[in-house]
Structures are given as C-alpha cells and as structure tokens.
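Listed below are the structures to be examined.
What follows is a pair of complexes built around chain A, which joins chain B in one and chain C in the other.
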Partner chain A sequence: MEPGKKFSIWRRRFRETALSTVVVLVSVVVGALLVAFEGRSPVAAYGTIVSSTFGSTSNIAYTLSQSSPLILVAMGLVIAFRGSFWNGGGEGQMLLGGITGVIVTYSLHVNNTPLLLLVGFVAAFIVSGAWASISGILKVLFGIDDIVSSLLLSATAAFIVFYLVRVPFASPSTATAAVLASVNIPKAAQFPSVGGISGTFPLAIAGAVVLAWVLAKTKFGFRLKVLGSNRNTAVAYFGKGPTNRLFILISFLSGGFIGMGGMAMVSAFTGNIVAGASGGAYSAGGFTNSYGFIGIAVVFLAGLDPIASIAASIFFVTLVIGGLGLLVLMAVPTSLTISISGVAILFVSARVPIMDRLKALRRPK
Partner chain B sequence: MQESDLVLEGRDLSKRFADLTAVDGVSVAVRRGQITVLLGENGAGKSTYIKMLNGTLKPNSGTLYYEGQETKFGSARHAVKRKIHTIYQSFALIDLFTVKENMKLIFPDKTDDELRAMIQQYGKAVDLDERVALLPAGIKQRLEITKALGSDAKVLLMDEPTSVLAYEERDRLFKDLARLGKEKGLAILIATHKLQDVMDYCQQVAVLKGGKLVLQKPVRDTNLKELTVAMFGASEELEEAPTETKPVGETESVLEVRNLSVRGDNVPLAVKEASFSMHKGEILCIIAIAGNGQLELADAVYGLRKPLSGDVAPGPAILKTGRKLRVGRVAFASDDPVQTGLAVDLSVKDNFGVSLLDQTSKGRLVDWKALEDLSNKAIEKFEIKCYATDEFLRELSGGNIQKVLVARELSRDVDVLIAVHPARGLDMHTTYLVYRSIMEVARKGISVLLISEDVDEALYLSDRLGAMYEGRLSEIKPKGLWTRETLGSYMIGAHVMQEAKV
Partner chain C sequence: MAFDLGFFTTLVGTTVFLAAPIVLACLGVQWSELSGVFIFGIEGEMLLGAVAGFLTALATHSLPLGIVAGIATGVGVGILSGFFEVTLGADQIIFAIALLVIGPSLSSYLYGAYVGGRELSTFSTSIPTFTSVPIPGLSSIPLIGPVFNQPILVYVVYILVILTHYFFYHTNMGLKVRSVGMNPLAADSMGTNVQLVRYSVLIIAGILAALGGMLMVMGGTGFWSDNVTAGRGLIAIALVRVGNWRTHLTFGASLVVGLLLASVADLQGIFSGGGAVTTTFPYEVFSTLPYLFAIAVIGISYKWTRSNQPASIGKPYQRG
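And then the complex of A and B:
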C-alpha cells in the first residue's frame, strides 16, 4: 500500500456525481439557447417546464408516478449493461410486458387487486424476460451481436403486440376506428395510488433498492460485474458454461424488469395498449413514451448505479412531461424538449472521452 | 568487402521508451546483393531497429547513412520514396480485394499480363482474381515482395518473415531472396529469432541481446554454437539457485497430459502430441521462444482451449481424494493479464475477488471484509503499489497490474498452478519476489507448470524441464541434465537442422 497521497472512494464518487450534474446543467443551458434561438424566452420556457412538473403537489405526484415505469426500465438496463448484455430492445420488451399484463388481468376474472397485480407483474416479468433472453441465447450459442438481435426482436415484439391488439384482444368499442386499442384491464387491476402518487413509484424504488443490494453484496452481483468488465476473465475463472448461463440469466432479468415497466405503465396510467398512437402504425413509442431508449441515457447518466438511476429517471421524465406542458401552454413544439434530452444524451455519451481528455491535460508530461 | 557495398547503415542507433532502452548504440549495415540477418530473442530490439532504419521511429541518438550520405527519414513513407521497403508480419494487403485489385493500387498502369509476369518472376503464378484473404501466407508475402521490387526497391527490410511460413515455404523464400539479391543488387535485412533462417542463404549476421549488439560477422565465419551462446549467454548474475533437488517421479502424479494436440490461431497445429505428467510439489517448466505453441499448450492444459486430440486428466493423487480437478482447483496466470485474468475497469479489490471469492466468502454473499484482508496481505507481500484497494486497476502501472494477477493466483488454495512467464517485464527485485513465492507454493504441495521464455528463469526455478520448438515438446528431464546450451539449441531448432543434415 502506498502511503502519502490520499485516496478516497468518496472523493471519486463525489467527482462522478458532480460530473453528471454538470452534464445535466450543460444540456439545460444548450436547451435554453435553442429556445432563445426560436425567439422565445428561455426563462419562461423553463418556468413552464418546472411548473408543469413540480409546480403543485398534484404535478409532483404525477411526475413521480410517471417516472416509475422508467425507473423499472432503467433497472433492467443497469443489470444488462453491467453484465455487458447490450439490450437495445427495451421498447419491445416494455410493450410485451404491457400486453401480458393486460391479457392476464383481463382473462383472470377475479376482483382481488393484490392478486391481479402480483400475477400481472410476474407474468410480465417472465414473458419479457424470456423474450430478451432469446438475444442472450443467440449471443452465447452463435455469437450473434446482442444489440442487433435485441433491436430487431423489438420490432418483432411490436408486431406480435399489434396483432394481439387488433385481433384477439381488440377493444370492442374501437374495433372499427383508425386507432386500435386493446381491451382494458379490469378496475381491480389498476394500481392504487396514495395522495396522487401511484403505488408503482414505491414499487420501483423498492426494486432499485433490492437491485442495488444484490449488485453490491452478492456473489451474483460480483460475477455480473466481472463478466461485464472482461468476458475472457470470467470464462477463465468461472468456467465457460457458468459464464454463458450467467449471461443468459442477465438477459432474462433485464427483459424482466423492463417488462415490469410495461406492466406499471398499463396498471398505473394507460389501462390498455393503443396500437399506432403516435409515430406511425408500427411504432411502440405511443405506449412506451420511448422509455426503452430514454432508459439507456438514464443509466449512463447515472453511471449504471441503481439508486442514481432513480434521480436520472425523474430528470428525463421531467423533460418529457415538461415538453407536453410547453406544447399546451406556450405552443412550443415538443421537438424542443426532445432536443434538450438529445443534448443531454449527447453529453452523457461524450462524458468518458471528455474525462479522459481532462485527465490527459492535467497529467504532467 | 568494399565500402560502396554498404547501402543502408545505422551507426550507434539508440532508442529509449520511457525508462526502457530498447536499442542501445547498435551499428548494423545492410549490403548490396546480400542478406543480412538481425538475430535475437523476442524483445531483443530487432523490430525497433528496423523501425529506426525505415523512418517509423526516430532514434534518440546515432545517425543513419543511406548510399554514403547522412540521412534522416521523416516517416516510413519518406523512406519508401527513397526505395527502402519494409515487409512486416502483418501484410499491407487488403484482404477483401483480389490480387489484381491489390496490385493495381500500387501499379495502376500495368496490364493484367504485366502484373502476372511480375508476380511470376518471383515465384509461382497466382490467379489474379483470387481474393487475398483466401491465399496462404507464403503467397501474400510474395505479393508484398513483388510490390517492393516493382517499385524498384533498393533495400528490403523484413520483420520475422518466416514466422508465418511453413517449412517448405521458408526454404523457397530464402532461395528467391538470395537470387534477387544477386540479380538485382538488392540489399536485404531480415529480423528473426530462428537460427535456422541464418545458416544456408545469408551472408551477414548481427546478434542483438537486450538491445545491445553482441556479435556481428559474416555467416561463414561463425557457427550454430557461437550464435546460440550469443543469443542466450548468461545475462545478469542470478541469486544462488537452490541446490536441494527434489526426488522426482516418486510421488503420484497430480495431472496427466497425454498426446495433446492443439489447434493454434494462425497455424493448424500449435501443439503436436505433447505428453507429460505433473507431480505434487514439483515445478515443471516448459521453455520456448514466443510462438512455438507454449501458450496454446498452457491454455489447453487449463481448459481454455479444446484439444484436437489427446487429453488432460487428473492423476492418482487427485483421484484418490475424490475431488474433481475443475476450474476452481487450478490457478492460472496468463501471459496477458489485461486480456485474460483481470478486469482493469474494476477495483483492485474486485480483481482479487475474481478467483479468491469462494476462498474468502462462503454461501451466496460476498464477505468484503475477508476479501479486503486477503487482498491487503497479497498487496503487502508482493509490494504492489496502490493507494487503496478501491482504486481502479487501470490506475496502476503495468508492472503492478501484472503483479496483481500473479499475487492473486499465488494466493489461491489449489492443486495445480499454471503460470505463463509470470515475471516478464518485472524488475529484478520483484522477479525474485515472484520466484520465491512460486517455490513457496510448490513447497506447500502445489504442482506448478511454469511456461517460460527465459533460460535463466527456467534453470533457476524448475525441478524438471522441457523445451518446445514449433509445437513439439522435447523430453522432460531433471534440470541437472540440461545445460544453457542444449536448452537454447533446442529452442531455436538446431536439433531439427542437425537431423536434416545427417
């Protein structure tokens, strides 16, 4: 051990948190410039975003509730990316989780809320997990790139869901309309809320806490980290078979959490799944709010930390909801807030190279 | 030999990288119409020297003379303009292009027939429409030579040209090079670690060892023995080697390797029917120059590579305990810790946990305290320089990163340890630290397989010893029955040449 210079893990954590905060601030400033460029007042625009998300207790409650599906999606991506399973199929997995929740709760014909929710979430977890693990298995067996396969399977999942929405589980009232919706979940399957905050929020927080504990304290979490950091090393010391099984398990759990995100969306907000609500008939974006993609930015902003992902999720949800507020109250197109998230994503991905540059500058030659 | 024969000459060239002196005041000349060989082990400074001759690297001191004039090349491209061509081990050909497309890049004005004639001039005819990726290495090399000669090269520098070739191809290459040298007055320099390349077709030889020139003469004035001694002769003084010799073969074997053949990444057969047994508390060393199949052998014994034939089985010493000899009971220190063995983006403590986790924590939870204690013990013992076990491994220096792997694998409670040149790149002090620890674990009863590239290391550490050349393992003998010279000559394939001559 080298004495003299002090090393503190807390100092490093502080530095990382500070860096993420700077990333957020920079993207907010660039967003302000965009607004000003449009000839609007950035102060008024940000005022609208803040008031429409945190302006009243009911707005706060809604923002937190809305963030719960994203937090669950983010947990799925934290597991995936820590274990180097590059899950690009969050959208499809979320959609599958949602439709599974709808079908299961609709078909059960019981009136017991805890039972419906339990069965709904477990079923969503299993179905989406199984779907995501296809990519894990393909990677292990044939070396097929997991980003590509998960992304393509996402589109496949969307088609399956649209079939289910149009044919076997189409809502009787909208069957002839241009926009097709699935049947509604029974009232008893709606997640109860307390003080306007949906119960899915504490559920998501609990999920994050459990995940944080598992990753930090268990051998599973440790092996996941090693596999994610260097696969060769994992194979050499855990064995090839166990490493492959671990990878498939990671893909399953990843899809599972994301599926729970879809179920949370259904049981707390939408109540059903609408096909082609936005962005064309085959887009899942309407139902998922693009959380499957936004989640990627969330977890990288949070440095793949489950607890930090909660804060990052709330930040991105603020932009999503605030963007709607801007549209309604100031007639500013939502593309503007999408640009702000875009800038944030850009800086998040540029974070590591920027850090390296800074380090290189500081290092004495 | 007339002075005018000197085409390219380096005088007192030196090159330092950080605190390592790769080449130290070496003067070598390349002569018109001759093949000069730069001979030396891996890391002796051959490639660095070639790169100084062709402008890729700037020497820290010394001067370059080209056709009698003091010269400085700004870059490798500059040297090519002055007709100095270099062919590296990895060819400068585009694999996805056909032969014709590759040649047209250099000679846009030549017709198909002219191209065909050019290639044929230096060897066999080649189908112009064949994709380069599908050609054997020997043909690709021939295309490179064609490219150089078609551009009227005066000097041809080749870095390890024979390492990718089969034996017959190698012979052909030298015959053609010798002919070209005479016909075109081409000056050729070949860097190699294979003694076999020197004797038949080359005129001058210069031997590098540890960046210094140790011998330079016409090939006809030297012999295999002298070159072997020059390449491997005693280096720095070693601590007194332990004199006690262990009784060998009396104990039951721990591991049996039987007729093991292993595919390589570049060659169809990297290990050819290797057989040996490992015993409790014994250090068995296999020594070879890089690229002779020893890494593939280590991988196969550990189980990272599936053998083509033959097997690795636990011996009676393991079988009678009823335990299995699985991954968890064998420690493994690979030759490239960053590639396999460590995870540089994780903390130092995490890296110790990779193979010490089950030793420190029972059940499903990680006992971080126990892991921390064991890590700190290893860090102290191997004098690893780090501020805290929470530091990322990549923040440590290269030597310390390697020490983490060695320290961890030597801290394990196992039956067998496989260590692939565990002390390479470490300073003398740390090297002895590692050596002492290896002897210590052997005394504890662990059976050690040491893969080494260093004759001194092998003779110092091993109880029994074997050498490997082109995938073939020599007889494994107690170290007392080997000398530095017999070992060295097996490593460079002198035995193959002598057999060929008989």
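And then the complex of A and C:
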C-alpha cells in the first residue's frame, strides 16, 4: 500500500460486487441465447422463472427454503477454497450426506424430532467429512491433486449410494423400477417449517453467520487465510505437520458442511434419495440438483464470503427452481440452469486478471 | 462362460476399443500439460465435442460431417481455453471447474433442446456408428488379431500415439514446447513464442478431447446418453501422471484401464444376472474399480524418483 493513500475496503468491495453483477448478467444473457437456440422466447422463459419463484408469497417462502441446502453446500466450499482445498466432489459428498441421513433416521426407531434431526445432521457431517478428507489425506501423503481425487471419489460415492438405494435401503414400492428410490425418512425426521419457510433456512443462515465470524475473528480463520494464500508461508509459520493437519481438517469440514446440505435436502424436501438408472457419471445429478457444482459458482461470485454466499445462493436457487418451472411449463431441460452457472464460473476464473487490468487502465502512466 | 482362446481374443479387442478414448484424452492432457497448462477440464471438452459430433451426425445423417463438427468444436474450445488461460491468465483450476460444469450440462441441454418435444415414433435419435475395418493379414493373427479389427479412428489413435511421442521427445519443435512448460521466461528469451505455442497446443488438445468424446458416442450404441464419457477424462489425468508425461507409459496405463473396463463389463454382466436389478450382489463395486485404480496409481507415481512434471505447470505467463 502506498503511503498517503487510504486503503478503501469499501471501494474494493464495490468493484468486486460490480464485477460479480456483470458476470451474472453475462451468464444470464448466454442462458437467453441457449433458450433462443431451442426456438423459444428468452423473455418468456425468464418471465416464467421469476413468476414461479417470486410470483406469490408462498412461492417466495418456498424459494427461500429451497436455498438452504445450497447455502450449506456453499459454506463447505467457502472453507475449502479459502484453504486452497480444491473440492470438486461436492456432488458425491452431498449424496453421501443425504443417504446417511436417510439410513440413520430410518434405522433409529425413535419418535423424537429434535433427536432424530440432531443425530441425522451429525452423522451426515461425519460421513461426508470423512469421505472428503480422503482427498485431503491423499494430497498430504502422496501429493495427489485434490481436484482429481475428489472428482474420482465423487463418482465412487455415486456407485456406493446406487448400491445402498438398490439393495439394503430400497424403497418397497419402486424396487424394480428403472429409477431407484430409497426408503422414506420417518415423519418425525422431517424438518418442521414455520409459515411456509423451512426450518433449514434459519439453520443455514446461522451456519453462514457463525462461519463468517470464525473466518474473520478466530485463529483458525487466520490460519486458513494464510494456508489459502500461500502454502509455503503456512509451512514456514506453523510448521509442516500442523499445516498438513490443518489441510485435512479443512477437507473434513468442507465435506461435512456439504453433507449437511444433503441432509437438509432430505429432511426438508425430498424425504428420500433417488438414484438415476445411469448412476455412474461423476455428476450425481437428480437428488443433488447439481448443487455440488452450482455451489462453486455461488462461492466464487460471492468472493468466498459466507454472507454474500447467501445472496448468491438465493439467486442460483431461483434459477434452479425456476428451471423446474420451465421444465413443467415450457419443457425446457433443467440442465440450462447448470450451464448458466458454468458460464458464471468461466468468467469468474478470470476475475483476478480482469480486476488487475481494470486497475492498470485507470492508473495514469 | 468358457475361458478359452475365443474369450481372451474378444477381451483383447474390447480392451483396445475401450482404451482408445482414454488414450486420446491422455494425449490431449499430455499436449496441454507439457506446455505448462493444466487441463483438468478435459472431461468437459470431450462431452462438448461428443455432443457437437452427435447432433450434427443426427441432423445430417452423415458420420464424417459429425466428426468435422466435433473437431471444429474442439478447436473452438481450444481457442476459448487459450483466450482465458493464455491471454487473460485466468486461474486454470477454476477454468477447469467451469469446463467440468459446462460440459455435462450444456451437452445434456443441447441434446434435450434438439430432440425434446419431437415425435419419437417418426424421429430417430440414433446415428450411424463406426464399423470395424479389419486390416488384411494382421487381423487374422490369433489372440491379438482384434487389435487390427477396429474402427478407423482407433487406428488413427495408434498413429497419434507414435507421432506424439516422436514429436515431444525426438524433435526440436517438441523440445521447444516442453521448454515452454518448464520455463516460459527462458523459452521466450530464446525466441519461442510462448503465447502461440500454448494456443496451438490447447487447440490440439481440444481436438484430441473432442475425438475421444466422439469415439465414446459414435463407437458405442449410436444413442446419446447424458455424461456419455463417464469419467474417462478424469481417469486420463491420473494416467498421464502415472505415465510420468511419457507417451508410451501413459499408453500402457491406458491399456490396463481398458482391460479393467472390459473385465468390469464382463463381471457386471455375470453378477448382475443380465442387468436385472433384483440381485442383491453389490456389482456396483466393479464400476468403482477404474476410479479407485486411477487414484491408486497417482499415489504410486508420487514415488517416481525423477518426475517429468513440467516445472511451470499451472502458472500463467505474461510477457514483460
């Protein structure tokens, strides 16, 4: 920082928000082009999206509720990317969290909602966290690129869940259908909702606020920041062993939050897990709404900020829920929404160089 | 099932055929990474090439036109990658994630947009597939005959493997490309145009990925299915690492995965009782084998004493 020049964090925030807005607008325009390719009116399509998500009070409540799994997933990804753990396996982790929630709440023959939910969320956190920490451990021990291993493990998780849904926890009604569904969670394990807004929404908001506080004010948050900005510095300051353990902890927490997103999905909305007949691709699709991938767009647009991630999550959930509305009303495939978030990630990848260029343009030579 | 000569001969043919898309993806990864650019998003590039080839072939009923469209898409994706990763200097991992997200979703969307809403009783959703062209003489050798009884594109793969190896390790130009991957600043000072090299290499990688994706869909049933590449691009990244960026080692590793995939298909056929979902045997475990194998082999490759990994991989280079 040059002396005499006051560092303005607000000015930087404004610039970053402006850039994110431009990125969102560009991706929405690309989405419009895709809809036009299909020979439909983009204006009508976006009109449908808005009216099916914010058209009425109950729609707004539903959209906000639906954003809670994505917010939880985004929290997991904020932790991961802040600590430079490239978690590409959010899909598999969310799926594992969901199936864990189903299995635990189904097997525990208790009729106590708080207990079931607590056990379900903790179990989902631990299982998904453990799964994600495999990538962290492999990176520390063998130097395996975490993005590659997490994606490969995501595909593996999809097959495991496919088996669990096919044999031990198959829904009695669809055992031989092409689309396999798991058993339903007991009624007591459904997350209660107040005034149409699911209880998972305040839970997710609380999670984001706590995470924002932890990242900004605690020693852990500081260490995360150091590790994320420069691994060598982290090793020099904290030592090799603690840095490695921190990295594994990050991978665990990241997977844990994403698993809680899966559990929130199960307990508040779906009630079970559906595995497609294909079941094999690295994208688990179906049950997760591709939140493992959309979450990446969310957190990068939010500049890895937990609170801003809430707003970005609501925006993308609007697209997802609106996309379902489009499918029903206009038969537009839902993968459109994921493409739009993909385009957003594409432009976000060049965020730092673009910001630098903008700065260079302004500075007189 | 009898484990006689015929069984093994079929297995050899299937192995080579299933390995071919992985080999193409591996070559793409190798081209890109030896010049210092990560290409973790190759799976997405494969899918985009596959869907372009498929839809064009579907619309024109012509396989060659489909291949041309797929290659053009590969070039387009390569130029896009070049613009972001070379000109702008974007974060290569985030860019890869973008491709990994766009590939499956956009291909699925384009297919759904083109085919959806049509009367399927009058509209065929299948394209002509590659037919095997046996090489006279060679294809009648016992056991390894099926290696020479493959679609033409698979023969092209054999040739590309040899050409790539020769280019990178036996020509001046290849050395220049590798020097860009090791130290772009030094290469630049020696008069190599780093930007041009990386652009060309990304375009070549895009074409190779598109060919791999098209081989998956046009060599298969001729019908589209979402995520038709089924993680082959991810496995290829792992194989290039275990092959230490050496073409012949990577090719060998791809054949092992091809064998694994062929056996998995057989085993799954046996244990799933012909595709019935009623069996309680966890035959899904076979499907996870290629992925677990890929993870395991990168772990082993970490023990290589003399890594051939390009020193400047993943770092954008800006002149001046």
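The working rule: the second predicted complex is superposed on the first by the 324 of 365 C-alpha atoms of A that agree within 3 Å, B and C clash if a C-alpha of one lies under 4 Å from a C-alpha of the other, contacts with A are read in each partner's own complex, and residues count from 1 in each chain.
Note that in this section contacts are C-beta pairs under 8 Å (C-beta built on N, C-alpha and C of every residue); 3 or more make two chains touch, one makes a residue touch a chain.
Everything numeric in this text was worked out from a predicted model, so none of it was measured.
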{"item": "Chain B versus chain C as contact partner of A:111, first or second or both or neither", "value": "neither"}
{"item": "Contacts of A:144 with chain B and chain C, given as first, second, both or neither", "value": "second"}
{"item": "Partner chain in contact with A:238 - chain B first, chain C second, else both or neither", "value": "first"}
{"item": "Chain A: partner with more touched residues, chain B or chain C", "value": "C"}
{"item": "Contacts of A:56 with chain B and chain C, given as first, second, both or neither", "value": "neither"}
{"item": "Partner chain in contact with A:153 - chain B first, chain C second, else both or neither", "value": "second"}
{"item": "Which of chain B and chain C A:21 touches, first, second, both or neither", "value": "neither"}
{"item": "Touching partner for A:217 - first (chain B), second (chain C), both, neither", "value": "first"}
{"item": "Chain B versus chain C as contact partner of A:225, first or second or both or neither", "value": "first"}
{"item": "List of chain A residues in touch with chain B within their complex", "value": "1-2, 5-9, 12, 217-222, 225-226, 229-230, 232-233, 235-239"}
{"item": "Interface residues, chain A side, partner chain C - complex", "value": "34, 37-38, 86, 88, 138, 141-145, 147-149, 151-153, 155-156, 159-160, 162-163, 166-167, 175-176, 180, 278-283, 285, 290, 293-294, 296-297, 300, 331-333, 335-339, 341-343, 345-346, 348-350, 352-354"}
{"item": "Contact set on chain C toward chain A in their complex", "value": "40, 43, 84, 88-102, 104-106, 108-110, 112-113, 116-117, 225-227, 230-231, 234-235, 237-238, 241, 277-278, 280, 282, 284-285, 287-288, 291-292, 294-295, 298-299, 302, 316"}
{"item": "Chain B residues touching chain A - in the complex, by the definition given at the top", "value": "302, 304, 326-327, 332, 334, 339-346, 350, 353-355, 357, 361, 364-366, 376, 379-380, 385-388, 390-391"}
